[in-house]
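Chain nomenclature is as follows: A, B, C, D, E and F, assigned in order of appearance, with residue numbering initiated at 1 for each chain independently.
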Amino acid sequence: MRPSGRDLSEMRPVSIETGFTKHAEGSVLIKVGDTHVLCTATIEDRVPPFIKGSGLGWVTAEYGMLPRATNTRMRREASAGKQGGRTVEIQRLIGRSLRAGVDRVALGERQISIDCDVLQADGGTRCASITGGWVALRLAVNKLMKAGDVISDPLVSPVAAVSCGIYAGQPVLDLDYPEDSEAGVDGNFVMLGDGRLIEVQMSAEGATFSRDQMDQLMSLADKGVKELAAAQQAAVA
Amino acid sequence: MRPSGRDLSEMRPVSIETGFTKHAEGSVLIKVGDTHVLCTATIEDRVPPFIKGSGLGWVTAEYGMLPRATNTRMRREASAGKQGGRTVEIQRLIGRSLRAGVDRVALGERQISIDCDVLQADGGTRCASITGGWVALRLAVNKLMKAGDVISDPLVSPVAAVSCGIYAGQPVLDLDYPEDSEAGVDGNFVMLGDGRLIEVQMSAEGATFSRDQMDQLMSLADKGVKELAAAQQAAVA
Amino acid sequence: MRPSGRDLSEMRPVSIETGFTKHAEGSVLIKVGDTHVLCTATIEDRVPPFIKGSGLGWVTAEYGMLPRATNTRMRREASAGKQGGRTVEIQRLIGRSLRAGVDRVALGERQISIDCDVLQADGGTRCASITGGWVALRLAVNKLMKAGDVISDPLVSPVAAVSCGIYAGQPVLDLDYPEDSEAGVDGNFVMLGDGRLIEVQMSAEGATFSRDQMDQLMSLADKGVKELAAAQQAAVA
Amino acid sequence: MRPSGRDLSEMRPVSIETGFTKHAEGSVLIKVGDTHVLCTATIEDRVPPFIKGSGLGWVTAEYGMLPRATNTRMRREASAGKQGGRTVEIQRLIGRSLRAGVDRVALGERQISIDCDVLQADGGTRCASITGGWVALRLAVNKLMKAGDVISDPLVSPVAAVSCGIYAGQPVLDLDYPEDSEAGVDGNFVMLGDGRLIEVQMSAEGATFSRDQMDQLMSLADKGVKELAAAQQAAVA
Amino acid sequence: MRPSGRDLSEMRPVSIETGFTKHAEGSVLIKVGDTHVLCTATIEDRVPPFIKGSGLGWVTAEYGMLPRATNTRMRREASAGKQGGRTVEIQRLIGRSLRAGVDRVALGERQISIDCDVLQADGGTRCASITGGWVALRLAVNKLMKAGDVISDPLVSPVAAVSCGIYAGQPVLDLDYPEDSEAGVDGNFVMLGDGRLIEVQMSAEGATFSRDQMDQLMSLADKGVKELAAAQQAAVA
Amino acid sequence: MRPSGRDLSEMRPVSIETGFTKHAEGSVLIKVGDTHVLCTATIEDRVPPFIKGSGLGWVTAEYGMLPRATNTRMRREASAGKQGGRTVEIQRLIGRSLRAGVDRVALGERQISIDCDVLQADGGTRCASITGGWVALRLAVNKLMKAGDVISDPLVSPVAAVSCGIYAGQPVLDLDYPEDSEAGVDGNFVMLGDGRLIEVQMSAEGATFSRDQMDQLMSLADKGVKELAAAQQAAVA
């Protein structure tokens, strides 16, 4: 019943390739089905003004889509002169999500910037960005620890994200673009690897949903995130 | 235990004053405690390009804060030359939420723009904007129906929103600013008046939450939205 | 003969409500007829670079109109990405006018920012902003004096402003929007409460005016400003 | 007593060179003392949207200063990414002033754009722009009349502008930069060649002025504008 | 003597992978040593206004660098709000170069947009963009011809580009970043596959060069472009 | 055969007027035929961040065109809100070219900004800007040396630029606008007065060129630059 023939609770194949580019402190190409995102982590010695001198670290994120990552070409944001609302919303989510898995005291007063650039899109780019972004973050933190700049591991648990939605009346896991564009209700769940919740964003346009449905979606998300966390751990092992 | 002395499930006093300004097709000053938002509705004969000729209507929203709505002055966005990420995120939420309560066929090919301007902020401005914005929308639609421009009522049910969060370890309803700035977990629930869900946005910064807690927050939200829907209905009666 | 039925030299009813919002050091809702402007004063410890270290204070102003303050919705300047020419011109006038009534040595090296936001417009918004802005400034300065941060009163005399113009061939005081949009000549007079002139801006589009007419307009303005100064004094008494 | 040794009512030498550049329909280099402004007029077949189809013509203006027209280099506005408040204010004044001397029915549905670019500044650039801009406008209109595109002369009377102010306690005509930067009160008068008023902008920063002084300044302005109008007529003869 | 150990006239290894992403009409990942650029071609039915109705086609290009394509993170241009001067210069060069190899009559009135996004930079990104961009263009044109939308092949000859410079006193081919940052003279040569010149950009900062040296560089470039043209032909065979 | 009747290797008449405006440390009006550019040099005590503390000087340039310097009016870049790609490209070229003739150690840690503003355009504005800009730079450096702020002359040799191209199949020197708009190949050569090359930019749109043609163009350029260098030397003598 799903366009891809997947089961309702079946994720697309996930691959995580580390070291995809050479300059960044962490670099990852994550593929969730046909959604491909390049995530890099940059370590910087400065922090935002509002935490200067606090001893706390910071993790932030930026998100972009190459103009032809999608089926029709989108205007390049650099040439349009500003990031669109969707971009701003997504990069705020990525940053907030990753910070939730960081012990900012242990990180020390430095910033790690995660850049998530979508090379090819097929639904779920923000979730792939969070999941891949965490691996890039992990690699960068490993460098800091190896160099002795950070002693105690600031990454307690992996952070991963998955989308869920109600497609053709059924709760489904990990929507691809054909599902995403038809679903009356869909959203994203960000969790720690052990299932604790960090962020829930469920939204309906043209439909509503019940608490029961919400509960079913959370069960699906729980399953998906655990699979993603395993893939993350394997990639950095 | 709450700074305001309220019970865990107690909303702040709500007042909705219609006709606060004279030019708009709908004009409302909503007060949720010390959060005061002026919401206006403007009927326009044009629709966005992507639905031109479809016969469908559109509802959109813009959000702003007066520079000194807050405790310290914020830079005026018009002078900064762009809307910040938070503003963009909020106005997209308001528009999406209100559209979920609209029968766009019944509305006909026209646009209603909701402007939500925060005169005074004390937490929960986006929820107050949705709740007040719906009343402004209701007033504007009433004008269309009275004039015979719209025959069948496109507003099936009120749309209202309330924030919930975990403050000092306890799930609480309708956070004010002192709570909001301390809560490790908080979010917003947008619902129809009968409790059907439209949007859930729960996010943690510096903590996580469990499915049990999520469930408790949803029960609080359900209570709050029903009270708000009653206030909305009273205001437009 | 005036659309409102007022005498040629009759102002609209003026009301000045202090403490309209709670966060600002001075907050005023001024109503001049159907023109309603929210004016707030913010005290800041910094001054513009060009007077740093001079010991002198500064007063500046920003002006905005809510999108639906007017009969048809105007595009939100924050979303358009810049302040329009009219806005820039008005806020420069407000700042210049208020500074003319301030002893900047007595104020000391600090800045007071006046925000004037038009909630509802019916002509004369810049004059109402100056008149209401002065009251907000007065309230903020009172706080500084009460706290002992300022010893000698830097506000020597109230600053108020009124519009005048030639409508249907007759010099009239305090134009409302229907008059303003028809008048071939109109302008604004800013004065101290005792009638000394601070700023005169008289301009014709589609007509010209003589020195005699200029003189008659100045007499009207003198009358109007004295009434406004009395209302200002009453509001802060 | 004036830094330049001029009498209180003495203008600086004025020269108006037509045909300074070759492409524009009207091109003028006006020198008022050391203030040099290049004014060009461009005839365009389009008009602004708000008068499309009305049969009326439009005159508009833009103003700029070369970065090193002044004693210290100012940031290039094109590189700063926006026109400053002063620029916007000035170009609105120029456009409004020139329009006041145009019979827009006689001009027909076309637009003439006046560009005023300050090559060298020494006070009074906006007045020189209006005075020189009118000559450029006159030249362009002459072309239209010669070509038979306009039958009845739309320029009834020259438009010219001069600054006046109170310098060292004395009303003086045509302030140069050293006077302008010291004057407590100064402003601009725009008039038709016969002395009828179009625009009065008098403003005080750090002083006030009386109606008597206002009257003296108007007499000075009247003298100055008449001399400028004679220079304009000579230039286009 | 070269940091990489290459001979003076030796190019880095070149690989061209077609079909790297799935949505674009042409998609290529070109690697010139450690410089990796993703080039996509998009066919659009519109053309720029200045050739509308001419029957001629258009080829244009945009260029971007991912923030961490380089050794230190560069600010994302979309977030900075504009494309930098270097970016603008490069994308104008790419578009101009590719157009020189196109028979715009044969292409017909349509536009092909080439997006060149640098995933990893090690010198020579603009040359790799042109070389890879041509392959993406070739693939897109092949689709048009296969579909019968274009009859006669508009691509007469491959377009390729290579950098040359004077490094440590010696003319060298295909500078990598360590050479590029030290070279006193360097530039780019764009040619057709048969050696005819399209664009020469040679520039010195901190040195000068002679006509003899210019000649030597042109011989190197000729060699390099011929190798690149062979690689292009192999990739699309 | 040239529209102007000039010989293939004949430059347009060149005039260089120093002291055209009074405020700048160097001010030059250069006329190359009907191309007129005002070049000013400003000495500033600051340098760009990347050379702070290095003891090295910097020379930078900005370029602009008055809106009606051309045959049809171009939009003012300050009002458009950004500099176009062509402007950015040109001002980068001017700065780079002038720096190539400067001994930055001898200049000392200061910046000289060259502003090149085109009053009238007839082809070759960037070359005239470089040639005139160098004279402005020379004048400013002379002031520094006269004041004893610079001891050893940092300007070793004049820098001048000329355009060449293939017009109607023939290599020609110093293209004017009618030639420039028809030439299939054209470009710019920047050299020191003794013929050493600084920058070569040759580009074809709609044609290609051979190494032989390139050589002929370089001979023409050599002749032109030597004539320009003589004019520069005469102007500053």
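Keep in mind that, in the parts below, a residue touches a chain if its C-beta (ideal position, glycine included) is under 8 Å from a C-beta of that chain, and two chains touch if they have at least 3 such contacts.
Chain identities (UniProt): A, B, C, D, E, F = Ribonuclease PH.
Quick caveat, the model's predicted, so the values are computed rather than measured.
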item	value
Those chains which touch chain E (Ribonuclease PH) and also touch chain A (Ribonuclease PH)	none
Touching both chain B (Ribonuclease PH) and chain D (Ribonuclease PH) (chains)	C
Graph separation of chain C (Ribonuclease PH) and chain D (Ribonuclease PH) (steps between touching chains)	1
Most distant chain from chain B (Ribonuclease PH) by Cα centroid	F
Superposition of chain C (Ribonuclease PH) upon chain E (Ribonuclease PH): rotation angle, C-alpha, nearest 5 degrees	180
Between chain A (Ribonuclease PH) and chain C (Ribonuclease PH), centroid-to-centroid distance (C-alpha), Å	50
CA centroid of chain E (Ribonuclease PH) to CA centroid of chain F (Ribonuclease PH), Å	28
Between chain F (Ribonuclease PH) and chain B (Ribonuclease PH), distance of the C-alpha-averaged centres to the nearest whole Å	59
Interchain centroid distance [CA atoms averaged], chain D (Ribonuclease PH)/chain F (Ribonuclease PH), Å	33
Residue numbers of chain B (Ribonuclease PH) (touch at least two other chains)	81-82
Sequence of chains encountered when the ring is traversed from chain E (Ribonuclease PH) in the direction of chain F (Ribonuclease PH)	E, F, D, C, B, A
Contacting residues of chain C (Ribonuclease PH) [partner chain D (Ribonuclease PH), same complex]	82, 85, 88-89, 91-92, 96, 99-100, 187, 192, 196-211, 214-215, 218
Partner chain E (Ribonuclease PH), residues of chain A (Ribonuclease PH) touching it in the complex	21-24, 27, 34, 36, 38, 40, 42, 44, 62, 64, 66-71, 73, 76-83, 87, 113, 115, 117, 119-121
